Every structure is written in C-alpha cells, then in structure tokens.
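Okay, handing you the structure first.
Here the chain labels run A, B, C and D in written order, and each chain numbers its own residues starting at 1.
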Amino acid sequence: MREIELRAAIREGLAQEMRRDETVCLVGEDIARYGGILGVTEGMLEEFGPERVVDMPISEAGFAGMAVGAALMGLRPVIEMQFTGLLTVAMDPLVNTGAKARYVHDGAMSVPMVVRSPHMMHGNAYMSQALEAWFAHIPGFKVVTPSTPADAKGLIVASIRDPDPVLFVEHEDLYATIGPVPEELFTAPFGEACVRREGVDVTVVAWLAAVPAADAAAGELAAQGISVEVIDPRTLVPFDSEAVLRSVRKTGRLVIVHEAVRRGGFGGEIAAMVAGSDVVSKLKAPIERVANPGVSVPHAKHLNRAVLPDKDDVIAAVKRTLGS
Amino acid sequence: MTRRQPLADEMSHRDALTADYLREMYRLMLLGRRFTERALELAAEQRLPVGMHPSAGQEAVGVGACFRLRPGDWVLPSLRTTEAFWTRGVTVLQMFNAIMGNAGSVNAGKESFHHSGYPDLGILAGSAIVGAQIPQAVGVAWAIKMKRIDNVAVCFFGDGAAGRGDFHEGLNLASLLKVPVVFVCENNLYFQTVPAAVGQPIEDIADRAASYAMPGQVVDGQDVLAVYDAVQTAVARARAGEGPTLLECKTYRFLGHYPSMLRDDRPPEEIAHWTKRDPISILGRHLEELGHQDGAAVEAVEAAIAKELDDSLRECEATPFADAKQAFTNVYGEPIEAMGL
Amino acid sequence: MREIELRAAIREGLAQEMRRDETVCLVGEDIARYGGILGVTEGMLEEFGPERVVDMPISEAGFAGMAVGAALMGLRPVIEMQFTGLLTVAMDPLVNTGAKARYVHDGAMSVPMVVRSPHMMHGNAYMSQALEAWFAHIPGFKVVTPSTPADAKGLIVASIRDPDPVLFVEHEDLYATIGPVPEELFTAPFGEACVRREGVDVTVVAWLAAVPAADAAAGELAAQGISVEVIDPRTLVPFDSEAVLRSVRKTGRLVIVHEAVRRGGFGGEIAAMVAGSDVVSKLKAPIERVANPGVSVPHAKHLNRAVLPDKDDVIAAVKRTLGS
Amino acid sequence: MTRRQPLADEMSHRDALTADYLREMYRLMLLGRRFTERALELAAEQRLPVGMHPSAGQEAVGVGACFRLRPGDWVLPSLRTTEAFWTRGVTVLQMFNAIMGNAGSVNAGKESFHHSGYPDLGILAGSAIVGAQIPQAVGVAWAIKMKRIDNVAVCFFGDGAAGRGDFHEGLNLASLLKVPVVFVCENNLYFQTVPAAVGQPIEDIADRAASYAMPGQVVDGQDVLAVYDAVQTAVARARAGEGPTLLECKTYRFLGHYPSMLRDDRPPEEIAHWTKRDPISILGRHLEELGHQDGAAVEAVEAAIAKELDDSLRECEATPFADAKQAFTNVYGEPIEAMGL
C-alpha cells in the first residue's frame, strides 16, 4: 500500500470528506491562505474556496462558539486550535455550549463538530499541554488520539461523521510519521483499541507520541527476553476497556504511558478501570504510570526531555512491574 | 391550546401593522406578565424546582423583536427573554411544564425553563453562561449564510453580557463574516444586584457597535413598536446580506433578579419611575387612542389569559415527572454505556 | 465550643485574615454591595471598604487575570466565581497565567491567590459542574475541598496564606452545615486527611457533599454490622496518600465517592494511586467509585437526584466490595 | 557588560531629551536589530532550542515606550517586544542565555526567551496565550493603585490580540477601576500570516478606546520620538490617577513571524514601502540633522554592539545547561513530592 505522512493522511481524510459532504468546513487561524501553521490544511482554500475554509481572527472562544452554532444548524465544522494549550481559552463554548447541547435539547439537536488540537510538547509551559483528560471528563465530548497515518485518516473522517463533538488530538512529533494509508475514503472505528505488538509478560497502554516510545521500549525489551504487549486505544472516549482487561488478564502487569501530567491524567482513569474490575485480583504488580511527573513543560531541550516520558522511562517501568 | 403562528406576510413597518396585530402584541405581553406572576406564586409555594428569572417590565423587547420573524429564523434567548418563547409559539402548557421540569417539558426536565430550546419553533436553548449565546448566534447566522437562505438569527443578551469577551469576539466575528444576525441587548440597568454602571464605563452599549463597524442604535425598550421597528430594520438589513446590527433596548425589570434573592436594593424612586413606563400600559394606551381596544376588550383578554393559565396549570400538574432513567439518555448519539468507561 | 454555619465560618476566616493582612482583598460579582449571591461575603464591604471588596462586571476571565497580576504584585486576592461551572470561562488566566507564573519565573515570582468556587449541583448542566479534577491536573494549582465548618475556616485562611493559587471549593448544600468552630484565627493544614469515622471492613474516601452521604451510609451500615472507615482528604492537592493507603491496608476494600463525573474524576486518580502502590495486593475486592455516571447534571429534581450519588449509592457500593 | 540604567530625572517631553538620550535610543534600537540578526543566524544553524519572534522594524515601539519608565514601573511585553528588554536593562548576555535556554537564563531555561520575566527590572514574563497579559496588567496596575504609589504598568500586545475577549474585558476593567496602565498595541498589520483586516473590521484599533471611555490614539510606531511622547503623556496621566490609555502604534515587522515559518506571503511592495520607514534610519537621520551623530559615530556604535554581541555570545556558549533536575523545581513553593500523588 502507498505510504504517506500522518500530516498528509489527515489532510487527505479532510479533503475527501469535504468532497463527499459539502456541509464540512474548516475554521481556524492561518488555515486558509497559509494552509495552517503546521501545514495540515495546505491547498484546502484553493480547492474548497473561502466560504468553506475560513481564516479566523485570534478569537478561539469566539470561533469555537460560532462552530457550535453552525453545527447545531447542520454544518460540520472542523476547527483548528493552533496548539492544545489554546483549548484553555475556549473551554466554555466547547464543554458547555457544545458538549451539553444534545442533552439540554433532549436529543432534538446535536453538535457534529471536530476540534483539531495538536499537542506541541516542545514549546513552552502554555503551548505544550496535553489536556485530553479534561475533555474525557465532560459528558458529551469524545476524544480521539491517533498515532498512525492510517488511523489518523480513518479517525478524522469518523470524527467528522460522528454526531457529537470530538476532540481530535494530533501530535506535532507524529506529523512526519510515514505509514501505509488506503487511498480511498474510509473510517476507522471509535472505541476499538489496536494491539500494536503482542506480548505475554507486561501490558503497556500508550497513545499519541507515547506509542512509538512504548513500541521502541518493547523492541528493546524483547531483545532482553521480556515480552511486552503494546495497546493503542486510539480513542479515549469511547474507550475499549475490554481490550485492556483482556490483555492484563493475560499478563498480570500494566504500564500506562502518556505525555500529560500524571496527576489527573487519563492514565489514572485506565488504572482505576482495571482496579475497579475483577482483573485487579490478577495483578502481579502495582500498576505503573509513566507520565509528566507534575510540572509545567519547560522550554529548553534538556529540561523538556527530562519531563516528557521516553523509551527509557517505559523500560524502567516495565522492569519495575517485573520486580527487576 | 393557543400556539401563536408565525406571520406569513411581508409588511414590516409599524404603520403596516393591523389592529389585530397590535392587539396580538398586547395579548402576548400581558400573557408574559400574568404567566410570570403565576410562576412566582408557584415559586413562593416552593413548587418550582429552581425558579425563574422574571421578565416583568421587559415584555416589549421579546415581543417586539420576535413578532414578525419567519419560520427558519432562529432566536437565541437570554435568561430573561421569556416573551421570545410566547411570541415564537410556545404554548402556556409547554411553559408550565418547562418550569415544573416534568415529562411534558420539551426536554423532559433535563434543562431549566429559561434554558429550554424549541427547535421546531426556531428557538435554541440558551446557556447559563451569560453571553455564550453571542458567538453561537454568529455560527447560526453563518450557517444560514452558507445555505444561501434569507433567514436571520436574533440574539438576546443583557447589559451584563456586554462586558464579556464573548460579546467582543462574537460581534467582531459577525462583522468580519457579514452574517445575518441581529444583536438585541436588553439593558435593564442591572446585572443581578449590581447597577450597569459598575459593569460598563459608558452610557450606551449601542456605541460599542462602532468597534465592529456595524450599525448600533439605542431603542426605547418599553415601546413595543419602537422595538419592532428597530428590529425589523435590522432584520431587513440582515436578510439583504448587509450584515449584523447591534440594538440596545433600554428597559427595566420590575421585579428582583430571581425569586430566591433576599434583597432588592434598587432605589424605590427608580423603580417607581420605570413602573410608570410599563410596556403593557404604553401599548394599551396607544390601542385605546387608536380606538382599537377598550376596557371591556382588555378584560376579555385578561379573562382568556387567566383561563388559559388555569387550564394549563391544571394539565401541567397532572403531568408526571419523567422516569429517572431519562436522566441518562441523550448525552451522546449512543447510550453512555457505549463509552466503555 | 461555639457552633456556627459553614458559610459563616468561611466569612469569619476571610474577615479575620483581612484584619490581620491588609493585602487580602475580595473580588467578584455581587460580592460587595449585595454580600454575595450565596451570602458568604455579607458585611465585608461595610467593614473593609470598596477598595478591598470589589464588585466586578461579568468578566470572570478578565478579573481572574487581573487577580493574577495583583497577586504577582504581592496582593492576596480572593476571587469568587458564582458557581463552579463558571470556571470554564476563566481557565486560561487561572491555569496558565496563574498556575505557571512561579515556574516560568523560576521561583522569583508567585501567585498567592484563592479562587472560591461553589459547587451548586441542583441548577443545570452549565452551573452544576464539579471540576476539581481539571485543576488537580494542573501543576501549580492546589485544590481544597472542606466539608465541615471548622475545616472551611481553617482552610480558607491557609489558602489565603499559601503562596500558590488555590482552588477553594465550596458546596451550596454544605453552607448551612453547623459545627464547632474556634473563634480565634487559625489555619488547618493542607495534605492531611481526616478520618471522619473509624472502621475496619471498608474504606470510603469522600469529599465535599459526599462526606455527609458517606457518613450517613456508614451509620446505616454500622447498624447492619458493617464497619466503615470514612476518610475526608480535605485537600486534593496536596493529597494525603498515606492516610488512604494506611486505611486500605487495614480494610482491603475501597469505595471512592464524589459528585463529579466518574470518567476523569479525581476518584480515578485515588484509585490509580492505590493500584500503583503495594497495597494493591491487599485488595479483597475491586475498587468502587460512586459518582455521576457520565451525564450533564439535569435540572428537574427527580432527574437531578438520580444522577448525583447519595447515601444509598454508597451503601450499595460498600456492599459490592463485601460481595453482598 | 552594559546594562541600561533607568533615568532618574523627571523631564518628559521629547524636546527635553538631551543628545545623549537620543543617541541612547538609537543604540538601543540598533542593538535590538543586530541581536535579532544574530539570533536568526543561530536559528538558521539550528542552534536555538525553538526560535524567536523577530522584532526587526518594530524597535521604536519598545524603546520609545520604555525609555523613561521608572523603577517600580512594570512592563508586560508581547511576544515581540524584544526592545522592552533592552530598554529596561536586560543585558546582551542575559538575552543570549535566554534564547539558548541555558543555566544563565533568568529562568534556567524553563521558559522561552520571549516569555521570560525579569522581576528585578520590572518585567513580567509574558504568556504564550496572545492577549493574556492585558487583564494581568490591569491587576498589576490595580495593585499599584492600592499601594498608593505613582508607578504604572505598560502593557504591549499585537493587533491580533485586539480581537480577543481579554482585550475587551481587560480594557473595560481598567477603565472601571481607573488604574494606572498604558495599553500599547503594536499594530504591525499582520497576525502571524494573516492581514490585520481579516481580524478587525475597523481601520484603527485605537478607536476601540471609545468603548471603554478611555483616550485612544494612533501613533507613528516607526518614529521613536512619537512613541516616546505618546507614552509619556499616557504615563503622566496614569501617574496622576487619571486612568488608562490605549495607544496604537502603527508599525511593521520586516521579517517573517517566526524563523520556522516556510513562507512570507506579504506583498513585496508593502515590505519595500515599510522598509523605507525603518525606525533606526528615521532616528539616525534626525540625529544627523541635529548634528548629534555622524557616520563615524554610527560606526563606533555598530562596532561596540558587534563586540558586545561577540563577547556575550562567546560567554553564552561557554555557559552550561541547567541540570535536568531543575526542570522539577519551583512548580510550587514546596517540592512537587509534597503534593503526595
């Protein structure tokens, strides 16, 4: 199969769906004329015109609320936040006006909108935040976290078609990831985890940029005779609890890896889900979480590296579950 | 059950309003007043789940603004725009059910009376976050524009909302995108307990329109015909593709912010001054002068309203509450169990 | 000891500290002339004057940012959000400008501010949100959740004196709770849980309005011969992990109760902390969480009641951990 | 190491500026330009951890606005107000350390160059959230007012920030509280890649001052003396307790938004037009006309700046990076372990 970059996969998914469904439109800063600061929407203005691909003023709260209104009217807006930290200025329109509209209208209205939110983890304390746990906490929001080009394409299309607001998390470090992607328009399912690598000793659950880190760790550990199963949930809401439980039932050991801050991160929810199930009695070791240990993300490279989890942190955690 | 029907014709200036229409405006305002009074009685008897924001004194704004909207137009009410509901056709029974939060409520009691939406009637549920409807209205209008239909969005908000970022970002966006939206600020001189002057250093919020290169106008919010005319002009402008307008209706709430509020610290002279400018009396006198309505006619309207309120309240009280299971539906397109956690 | 309402206890703490420290000031909507919609700041304007007790326009984002600036200059602003749902409009100033200031200045500046945020859980989908988990996720923020009048007084004073931004969560349903409160100015410690009731069979961790529910459940269960230990952490950040671990080591059973939505709620963090410790091997049953099962908070009384956890939900969960 | 010292005297109008002061302004702007050039070279060689927002073309704003601030005044820079740093006394070495993010950086590399604060010099670290400094500046000014000192806060932001809710809420609050703050909008006609007209439907952002009942003024941002005068007037007003002012400095960035940006789509004629209005040349010509500075003097300044840049860069490059452990300090007043989770 043809291989393309994750960035191009998202673009292709957007463009194909926009050709199919003329209610889909793109809204955000620098997305039209320039094609997006991270290049995801390049060429969109040229193909779809200024009505459907709209540059916004710096008004994330305003245009998020606007997108909610448009979605209520049957458009399918895909808005771009330039970096995940910007979600902080648009929480009300997203989690209130947006996520609660179906409920307060008792199902008579819905908000089919997508919020594209790129994690840029090498910037600074403000930009470089991973806030998926906030949205997972909000009834009405779905949270999608692709790590491969094919998933990125299939899931952006599924997100657009989903009748509810979706936080579609991208990751700057993954944009250049190359992988096979079907050329035709397709959707990837929500709520179906993918086993990236099978193993029997330890289960590692990871998403976004933590997936390649987990996979690299698993590769290195395999050479040491330790067999790691890597699960990529692909969507956090809905979450494929069964896939994780099935694996931990087998391995008895669980390591969860994410770049978000550990305290209050979504890893806690997964650990709690396992601890709240009968699988808890099968655990051979405490559940490990590999994450930002609780600081704002620093700017300078070596500090930044020290804070974000990497392959070695995963290896160390896996070994802790093995008591080694 | 009386459900107001939208008007089909195209006349717009007040001079084109027939006597029937004027009387209908009168009835709608009076209905609003009497309903509010009845609802406050219920609240005093602890028979409302939470309460309501009384619109008494401000009826002209909702009625005048919505009176000649069309099907396909959308209204985004503020927490106090009760009359938008009547004027767009919500029935008394629906309104009682909504304040009771029973199974007959349009949302089965999931949301409160003042944040209820009636999509069939072109009313979106408002948010409890003051001002949130402003950017949302821009989006509604943007969708209307994209669909190349000549509908409009009418967005209500209080003076308090004019201090919020959403006001600024929303009006700026509306102007930039040139979308068909009419912003109707109901300046009732207070936001909750605090005088508007504490919230805005300028006299007229309408002046802020200049910041967004859109027309802005102060309107006598106690004169339903003045509201009607100003909104009709703005609506016509919007339908013609000429973009948004900011109208500031100066008005006053005759009652406190909310039934549960302990004190009303507003100066008695101020209350007295405004009570004299009751929008219902103002239109009533006008109708009398024109010979369109006499005392007997008013009594008949009052009686009809009283009966409708009685009947509807009775029916409302016989309506059960929704099954508790309904609290868990319509969070997503799928059941919440499908979320897997 | 004299007994007063929780509302009065907060007010007394504020007033006594304001008398002691003239840099403390109150900022919020309706807090001066009216004394606060919920009556907490009654009489403050009269005693401390309009410079220190300031009514704000409806600009939560603006005045939260303003409070951050003032705190950086050495004032100690206490801002009131009228209900917790309003935090959604002020996330940027609070969690960015506020929580990160110490870090980006590498300790040279700090933001000693308090955000009073009352949970009003019987309003509607927008107002009635319990968002403490969002703030617990943010490095730099502390989260305080008192459930008794004495704790409310001691912790509001400690929050004001704390050098970092504090989310001080109040609860409408607790304002009228009456209890003994020392008359003098005092502080209650952060990071020290309180065992509200000792027991040996099951540990229940609860905060805010969940504490009386847990306590009532424990009372009823005691009559049935089931001994429940009720732990009130009092502050979520810092969190007294030791207290919970100590108790679960004894009981082997854990139930966590909160009004916030279960998915992504802080209960998950506590469960994950236990599952990540050696105590996990002592668990005799899966960890139970009693919480909003995942919907916006509905308005009508009977629906509202169905969503929020109550005594009976706690009893049922405790019994599940006992296999009964 | 040159560290600019604040001026002690009280003269304020530009006519009172001595030749030394004018030459100092020139040097500060030139230093800014040369530093930016050097930093961009480093960026091109991938020697910067992230990059920087070049201020070239806009030097007059930061220099003119900060030139005669006093100790105790606070500056809140935008992401591009590099010259505020120089003018308030940050040294070249500190600036190099900041863009390198090494252990000599004021925050040990925790935060980027343009979001660094120098509390000793009255500079607060800016947020990466465009506009966030506006309400914050109001708070700084409010604290100043509470302390009954006659300092001021000077808050810089771009044209892009003027579309944000923070602009509206911040200016509204500043006016209501009548606090000593000067808002300096650096309108460089673009926000990132997008022309300002896409962000604002009006020509002059200064006109928005009317919405907040405060004075607003358009200033020639390429003329450091015009900026100086306008800010001095506003500062005097603020110190006198008369409240905030909004100044809009029309300026232009000569370079792209950020080194990593691939394209610069701005019309070449536009760039050419503005390049002719180089603030450094404008003041240079003025100095020459007054006979205060000749070619040789300029060369001497250039040489001194070049030497300072060379020396400082060398020292910077010899400075180690902070120990990785420092990433985990100063999150709270206590160590993060004390948080217990």
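Simple rule for what comes next: contacts are C-beta pairs under 8 Å (C-beta built on N, C-alpha and C of every residue); 3 or more make two chains touch, one makes a residue touch a chain.
Quick caveat, the model's predicted, so the values are computed rather than measured.
For chain D, the chain whose average C-alpha position is most distant is B.
A count of contacting C-beta pairs for B-C and for A-B identifies A-B as the more extensively joined pair.
In this assembly, the C-alpha centroid of chain B lies 36 Å from the C-alpha centroid of chain C.
Annotation: 30 Å between the Cα-based centres of chain A and chain C. For this pair, chain C with chain D, the centres built from the Cα atoms lie 40 Å apart. Listed for chain B are residues 108, 110-111, 115, 127-129, 163-166, 168-169, 172, 176, 198-200, 326, 331, 336, 339, 341, each touching two or more other chains. Counting partner chains per residue, chain C has residues 57, 59, 61-62, 85, 88-89, 92, 96, 100, 103-104, 124-126, 139-140, 237, 263, 269, 273, 294-296, 298 touching two or more of them.
By the touch criterion given at the top, residues 25, 51, 54, 56-57, 59, 61-75, 77, 92-93, 96-97, 100-110, 139-140, 142, 162-164, 191, 237-242, 269, 273 of chain C touch chain D in their complex.
Those residues of chain B lying in contact with chain A across their complex are 74, 106-108, 110-111, 115-117, 119, 124-125, 127-129, 132-144, 146-147, 153, 165-166, 168-170, 172-173, 176-177, 326, 329-333, 336, 338-341. The part of chain D that touches chain B in the complex is made up of residues 163-169, 172, 175-176, 198-202, 207-208, 210-214. The residues of chain A lying in touch with chain D in their complex are 29-30, 33-34, 37, 39, 55, 57-59, 61-62, 85-86, 88-89, 122-127, 262-263, 293-296, 298-307. Of all the residues in chain D, the ones that touch chain A in their complex are 49-50, 100-102, 105, 108-112, 115, 127-131, 160-161, 163-165, 191-194, 198-200, 261-263, 265, 321-322, 324-328, 331, 336, 339, 341.
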